[in-house]
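Letters A, B, C and D mark the chains as written, and numbering starts fresh at 1 in each.
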Amino acid sequence: MPSLTAQDPNFDARCRDSFNRQPAMHLIGATISRLEPGFCEVELIRRPEVTQQHGFVHGGMVGMIADSAAGYAAYSLFPADATVLTVEYKLNLLAPANADRLLARSQVSKFGRTLTICSMDVVAVQADGRELACATGLATLMCLLGRPDAPPQK
Amino acid sequence: MPSLTAQDPNFDARCRDSFNRQPAMHLIGATISRLEPGFCEVELIRRPEVTQQHGFVHGGMVGMIADSAAGYAAYSLFPADATVLTVEYKLNLLAPANADRLLARSQVSKFGRTLTICSMDVVAVQADGRELACATGLATLMCLLGRPDAPPQK
Amino acid sequence: MPSLTAQDPNFDARCRDSFNRQPAMHLIGATISRLEPGFCEVELIRRPEVTQQHGFVHGGMVGMIADSAAGYAAYSLFPADATVLTVEYKLNLLAPANADRLLARSQVSKFGRTLTICSMDVVAVQADGRELACATGLATLMCLLGRPDAPPQK
Amino acid sequence: MPSLTAQDPNFDARCRDSFNRQPAMHLIGATISRLEPGFCEVELIRRPEVTQQHGFVHGGMVGMIADSAAGYAAYSLFPADATVLTVEYKLNLLAPANADRLLARSQVSKFGRTLTICSMDVVAVQADGRELACATGLATLMCLLGRPDAPPQK
């Protein structure tokens, strides 16, 4: 993997600010736990509200944090004056998300001017710190230039 | 499409009961709005809590209801003594979910003893009732026999 | 589905000409059997050379004709001065391709200036004319403007 | 990645024998270039017959060798008395396959009794030996027990 460089020196604040303006991420309790150029990790802590009928984190929540991690992995590489769209993603659910802490990690595999491809992996962190694979996937993200994600500064 | 028949005459109550035992669906406010053998429609009403930074319903929410509709479309055809697992899904996001009401519809394309394949379509219902396509996808679901989804009756 | 219109009145000849310049399609014996704006059907006749070890058409061949049908369904809608790239596709194999004639059909679901999404379905035509579903999928295609697919005319 | 163990000590011969009984792989000229428990590499040498109109290896050929590598990566872990089915796969095409030698590598990500998930990567080997990423994907394979792939020995 060639090392990836952010075009925008302010990428970290720009990504975290964008993430924090998403009410849906507040609703489920997801946060960005790690961010590097071309890489993003989103954390979700298990609360009863995000589970399914067997007490595991709902598969839909696993998908949400994977998709979000991919979006910000790609967005970290975009110019400041751009926004990111998810074109599509595919996710294989490998095991029930039976842990108090999930981490969705996404790494840019191929950065392009228009399209960026990211791998996604979600792990369930066990009480002893071991990580069990929950889901793996691929996402295609699109860069829309000239449409900054943030509202204009007053 | 050959017509599909539910093996379990009680499929409607079994699916709705399973859905209702998922706290994650309550958290986001999704409900089953239509259910037939091999078909499920999940409705999500836009509230600020389920949006992203531009006021549209968050793409992750679109994925959650699509995945859920596919799960119950498949589960409706399963025997009473079975549960359903999402093996994988792939979703193309076609347009921003800019409407007060989203409907995720899933139809079984191929029913199998072990694996069932479903198509998924999410539409944004406009104020005038027109439906705009938001997302389209495919899901692979697995039938686990001998593992009823519901807790034992007391 | 809104009706789709070809921007290039010469779309039919442009697509068939492009297809015919692909040696790989000649190698496997695939042909375009139907073409409309936003729709393409590719036919593959079973010969021993395209089978796997059980005498069915090889799954890879099923994927090849599905992908090709999607490419030309999209390409039919593109301006004359453009070429088409497959960004990604996902295919579910539903049943063995056990027939002497396969048809891969692809329909544009969403046409966009940059990206076009197509559904793909492959059927195995039985001796009595019935069609059995072999595969179903989705593809994302990209339009590259200003790069005509054909070599310059002399 | 936990190390993977073949259940069948004869896995290497069983996989290569199965591959060699596929006329479609002979037609395109693909061979197994490396095989380990849970891993398979398929090689395709560029000949004019496998190209598209610009002289690159046809994307459908890239898909064929990726899918095939995934099938044998999974099959290498199966018991002797089993066969393998591709349930579905998803492939992102990252760059034109512009090289005289392509390698499709697939690694089992998750081995299961019924379903096995594999990652797939296709690289174009440049004249100087460098590998450029052409495609990346994921595949879901199914193990069918009690149905040996090989014809009965006389």
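In this section, contacts are C-beta pairs under 8 Å (C-beta built on N, C-alpha and C of every residue); 3 or more make two chains touch, one makes a residue touch a chain.
The shown structure was predicted, so the numbers you read here are calculated from the model rather than taken from an experiment.
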Most distant chain from chain B by Cα centroid: D
Pair sharing more residue contacts (C-beta pairs) when B-D is set against A-D: A-D
Separation of chain A from chain B, taking each centre as the mean of its C-alpha atoms, in whole Å: 23
Chain B and chain D, separation of their C-alpha mean positions in angstrom: 33
CA centroid of chain A to CA centroid of chain D, Å: 30
For chain D, residues contacting two or more additional chains: 87-88, 90, 92, 138, 140
Touch list for chain B against partner chain C, complex: 90, 92, 94-95, 109-110, 117, 119, 133, 136-138, 140
Chain C - residues contacting chain D, complex: 18, 21-28, 48-53, 57-61, 63-65, 67-68, 85-93, 149
Chain D residues within the chain B interface of the complex: 87-88, 90, 114-115, 138, 140, 142
